[in-house]
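The data blocks that follow each hold one structure.
Common to both upcoming complexes is chain A, partnered first by chain B, then by chain C.
Take a look at the complex of A and B:
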């Protein structure tokens, strides 16, 4: 008699469960794809494809669905149990074992990419250099000492993303003589003159909420902040906004601090200098034929020239630089150009390629065996 | 630099002037062009849309865009090829002005610009008829262009389309305006002394003389007094103004290869005039070719002399293009289009389907049975030859545009049919292959006519990689082809069951279901590999393997449904009819991945966006939903009767 554990394992390893997960994922992909026309790729990706549960609205009716993160996790278990652990292991049918192994590796690569990769952009005008790249979407609050040791303290977005509306949170750093209270975080907003007597406004300035732009990188975040001196001095209110011309500066205990809301940044262990950006159009058209950035990569005092083009990124020290964009779009002949590189640091960068090779080999073996068996059966059928 | 807006205004003014001079009577038609000269014109290279192509190709797609057909029939029902039409427009504009070559889909568009509509709602109009509404057309088009494409009404879209076509026609109609004019420089200046002829000089001569004067003035500028400088400035401004007016309509054909091999931009007469006072450029401009073009225009009514002059011009252009390595494939492209491979392929598929149908109703004629595979192989061979020629002409893998996806997908379906027929020999696969072949080629030809743009365009930067085009794109389209073939085969199974065809043969439907399943697996294999390769390409060019972009999602949906089908069957959850219904749904998903996501206008695959096919897609989905529902009913009836074992497609 099957134990509950065995029953559960049988269910998790079953074809029916696997097929159900695939169909749910298919439905989710379809609905998420249609939603992109209204909400943009970034928003839909967060809601449908990086979540455990999603509520899809069919007009006024809510339809709860499992998110892709949950489905892929369950699919991983299903493949592991059904396609590897419980699958018959015979030299007569090695193809499926290999293919399932490859798919497991691919799902795992997706997991590693989601949790451990970073991506953003480095944008440089000709002649400029940088060793940082910044996120297209994620924000961070940075507190920098303007004098003294010049230390920087970072509050990542995940720690203040929930502080919407009336919610507030206080951030404490041992080395700082104050605590920082953050409230009223908004994903897309703009500073406006506040009507007289409006609560929450700072020096007559409020953050007016704007509808989210489907192109997520166009959204500019903002929040209200209050510096609370640990020594018991008077609190100081300020407004943080992603496109502010300068950071908010406050003086506490005789020292000056700059507090800023900006896109999240990461350092790379080398410097990139944009020497020249070359854009070519097909003759007598506005169709881009090629984009290329000629850069100098400097590390440990040594420099070398590199060309970064479409389909030919620069890979160095685990970071990959792709030619992503350029501007200004309506630049005249003597206007300085900037080049934008998409920068990715992904430990699983090449894993999909490896898994693709494994899956292809597995499927080739399996389908060839099946075809040969079918042909033999047909031959037998025709032979009287 | 002459700006496009200025060009349009000047053309408009010229047109108005010309219009007042035109009588309402149609001028006498020009003499027909000799075949020899047409053949030579066909291979004249021209740079258009970023690539060098034969004038024949340019003429075909221009006429197709304006007229909706590649041939033109004038008032007295004389049929002109696209090249003859183009030559008449260029050399006999006073006649071509009366050609009814503007196809207007709805008379609302012409009524909106104040032109009396024809009796037929959808009809063709001449430039002469549209001329009184030209100003209104420009005004409305400018306004409608500011409306986002998705929000434009049908009439607004048609008015924009008509304005674009009229503008392009004007660029041809007034192309030789520069050759009709002579240039003089009046007054007392060094520039005037370089133009002593009272009757003026042609453009090529004006462009040759003017830069030398500019150089001379520049050398003496320190020694010149204010009055002399002003005289030179006024003379140059006057000449420039005259040149601008003369070449305003002469930017439509870039016929002159530049002499500098590193300069990729061919020149039109307007380009040459624009650089008249650019001394460094002017020295290397192909003014001899411009003079050749002027001679052609002057000799248009003397065909013998015209032929001689054109041969000299053709030889000079092709020699220069060949030296730049840009002529080699021109004759092949002319041969490709004249071969009409896609057109013949479509009708041969139709004939082969009829032949197969005849062989069904005449089962005793064994020779008909043997002919069936050959009947499908012939149009497939034509199609493959056509695709191969396109690859050679472009130096690219077989699929780089949406149009080519249809050709390749059709070829894959037909070849799959032939392979399966070789294995099963039941004349089902070839029939499905012939049907899909005819349908695919019909769609390809309709799509080409609807888009009416060069189907071998310049590629955007991200697609400029033969490796990924050859691997990811071809693999994914093989997957599409196989999925559609499986779906079509499933239709045979469902309708066969419904109509009780060959129910006396107990192995017929199980065999068919096995074939469907086999082709689903075949398609699934290529879809998986193609989708993953696409992810790897995206990782190389955009920095991420998977971005949940609609095109990627479409491919993923095919893979997910294919895998779900395989696992449902392995688990015994579906049987023969279940596989067939699943294959029909697979066809619908493939349709969504191939065309549906292109309508969304979202994502990084912007080079594949399309429009105007929503209704066709919706009709397809409605029809296929009905077929799938029918299959489900038949499957349910099977289950109820417990007759499933006889039709089970499980492995034996």
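Take a look at the complex of A and C:
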């Protein structure tokens, strides 16, 4: 009699379970794609494809569904158990094993990309240089020492994203003479003059919630913050907003600190200088026919010139710089231009390509063997 | 009883769900150590000290401190300098937003007027006018009907204007009844300039003359 463990393993490795997962993934892709028209790609990706559970609304009826993250995790287990561990291993059919291994590698590449990749943009005017890129969507709160060692203490969005409604969080580090309390985080908001006597407003300013824009990069986040001096001084309230003209500055213990809410930034271990941006427009239109950036990459004192064109990115030290955009769009002949690079740091950047190659090899071996077997059988059949 | 036969499953589910419920319902204050520290980026601008919260957040009219460079705002502020206009009485400029040259609010913020500029043909004048009509729940107009729309003189060009009442469905997807939209589309050589006002019907009715005057006042920034 089969033990419960064996029954569970049999179920997880079964064709039926695998087929159910694929059908659910298909349904999720279909429903998520439809939702993109209303909620935008970023929001839908978070809700449908990066989640364990999603509630899809069929009119007024809620339909709970497993999210793509959960489904792909289960699919990995299904293929691992059914396609590799339990599959008959024989030199007669290595193709299927190789192909299943390739699919597993593809799912694993998705896992690594989701958890370990970063992407954003670096925007430079001609002559400018930078060694950091910033996210299109994610936010961070930084506390910068203005007259100290020039350090920045960074609170990533994942640490304060949940501080909405009545929730608040206190962030601390030994090197700072104060703690920072954050509350009332909003994904899309704008500062407004607060009505007299409104609780929670700071210096007569409140953050008014705005509906989330389907184009995620248009949403401007905001939060309320309070500096709590460790020595017991009076707390200082402030408002943080993603499009503020300047950071919020506070003085604690005779030193000045700048606190800012801004798009998440990451450093690259080299410097990119935009030497020249070249664009060609279709005649009598503002539509670009082609554009490219000539940049200087500097690292460890050595420099080299690189051309970054559409479909010809710069790849260096695990970072990929794509030519993404440029501006100002209404630039005249002598207007300085800026170039925008989409920057991706993904350890699994090329893994989907490798996995496709592995799957192709596996299928080629499998179908070649099948063909040869078929031909041999035909030959035997015709031989009297 | 039958339902207690599977007590192990019930116990397992409770074990998973209870901690989730406790975490999910929490509304207190959490504490977390800041673990990420980095050197300030080379060339980071100095933060001005001692300005008010309103000034810092762009609610004040002072231009003592230039706006920080937003992701899309950089192109927007450059583009905004390409035009000048006269702001009607009672209109207040709202903080700059991505993809817009300017946003004005009137009637306690219930009426919004947006100026935006898109490069190229932006899909065509007719398509954009019909997109606006769709936002107000109205059927599209034929090319002949669009050609017969009243026009405004914007930057020396005949610019079709629409005036629609209905239920407005904006970017949020929510439908707001009893709204009125005034819109003008000015096709330029390589770009298209859009001016759109939306708000409650009665409030927009009081702004029709202001809207026309605003559109007529737009001139090139270097004039």
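Assume the second predicted complex is superposed on the first by the 359 of 384 C-alpha atoms of A that agree within 3 Å, B and C clash if a C-alpha of one lies under 4 Å from a C-alpha of the other, contacts with A are read in each partner's own complex, and residues count from 1 in each chain.
Throughout what follows, contacts are C-beta pairs under 8 Å (C-beta built on N, C-alpha and C of every residue); 3 or more make two chains touch, one makes a residue touch a chain.
A quick note: this is a predicted structure, and the numbers were derived from the prediction, not measured.
In the superposition on chain A, A:191 contacts chain C only, with no contact to chain B. Once chain A of one complex is fitted onto chain A of the other, the partner contacts of A:315 are absent, as it touches neither chain B nor chain C. Of the two partner chains, chain C is the only one touched by A:243; chain B is not.
Once chain A of one complex is fitted onto chain A of the other, the partner contacts of A:170 are limited to chain C, with no touch recorded for chain B.
Contacts of A:131 after superposition on the shared chain: chain C is touched, whereas chain B is not. By the touch criterion defined above, A:156 lies against chain C but remains apart from chain B after alignment on the C-alpha atoms of chain A.
When the two complexes are overlaid on their common chain A, residue A:217 makes contact with chain C while staying clear of chain B. Overlap of the chain B and chain C interfaces on chain A comprises residues 285, 287. Only residues 38-39, 121, 123, 130-132, 134, 136, 143-146, 150-156, 159, 165-173, 175-176, 181, 190-193, 202-205, 211-215, 217-218, 220, 238-239, 241-249, 251, 256, 258, 260, 263, 265, 267, 285-287, 327-331, 335, 338 of chain A touch chain C when the two sit together in their complex. Interface of chain C with chain A (complex): residues 26-42, 44, 46-59, 65-68, 70-75, 78-79, 82, 94-99, 109, 117, 119-121, 170-174, 190-191. Looking at the complex, you find that chain B touches chain A at residues 47-51, 254, 264-266, 423-424, 457-458, 460-462, 464-465, 468, 507, 514, 518, 521-522, 525, 528-529, 532-533, 535-537, 539-550, 553-554, 556-557, 560-561, 563-564, 567-568, 570-573, 589, 592, 597, 600-603, 652. Chain A makes touch with chain B in their complex at residues 14-16, 18-19, 22-23, 25-26, 29-30, 32-34, 36-37, 40-41, 44-45, 48-49, 106, 109-110, 113, 119, 281-285, 287-291, 310-313, 320, 322, 324, 342-344, 349, 352-353, 355-356, 359-360, 363-364, 367, 370-371, 374-375, 377-378, 381.
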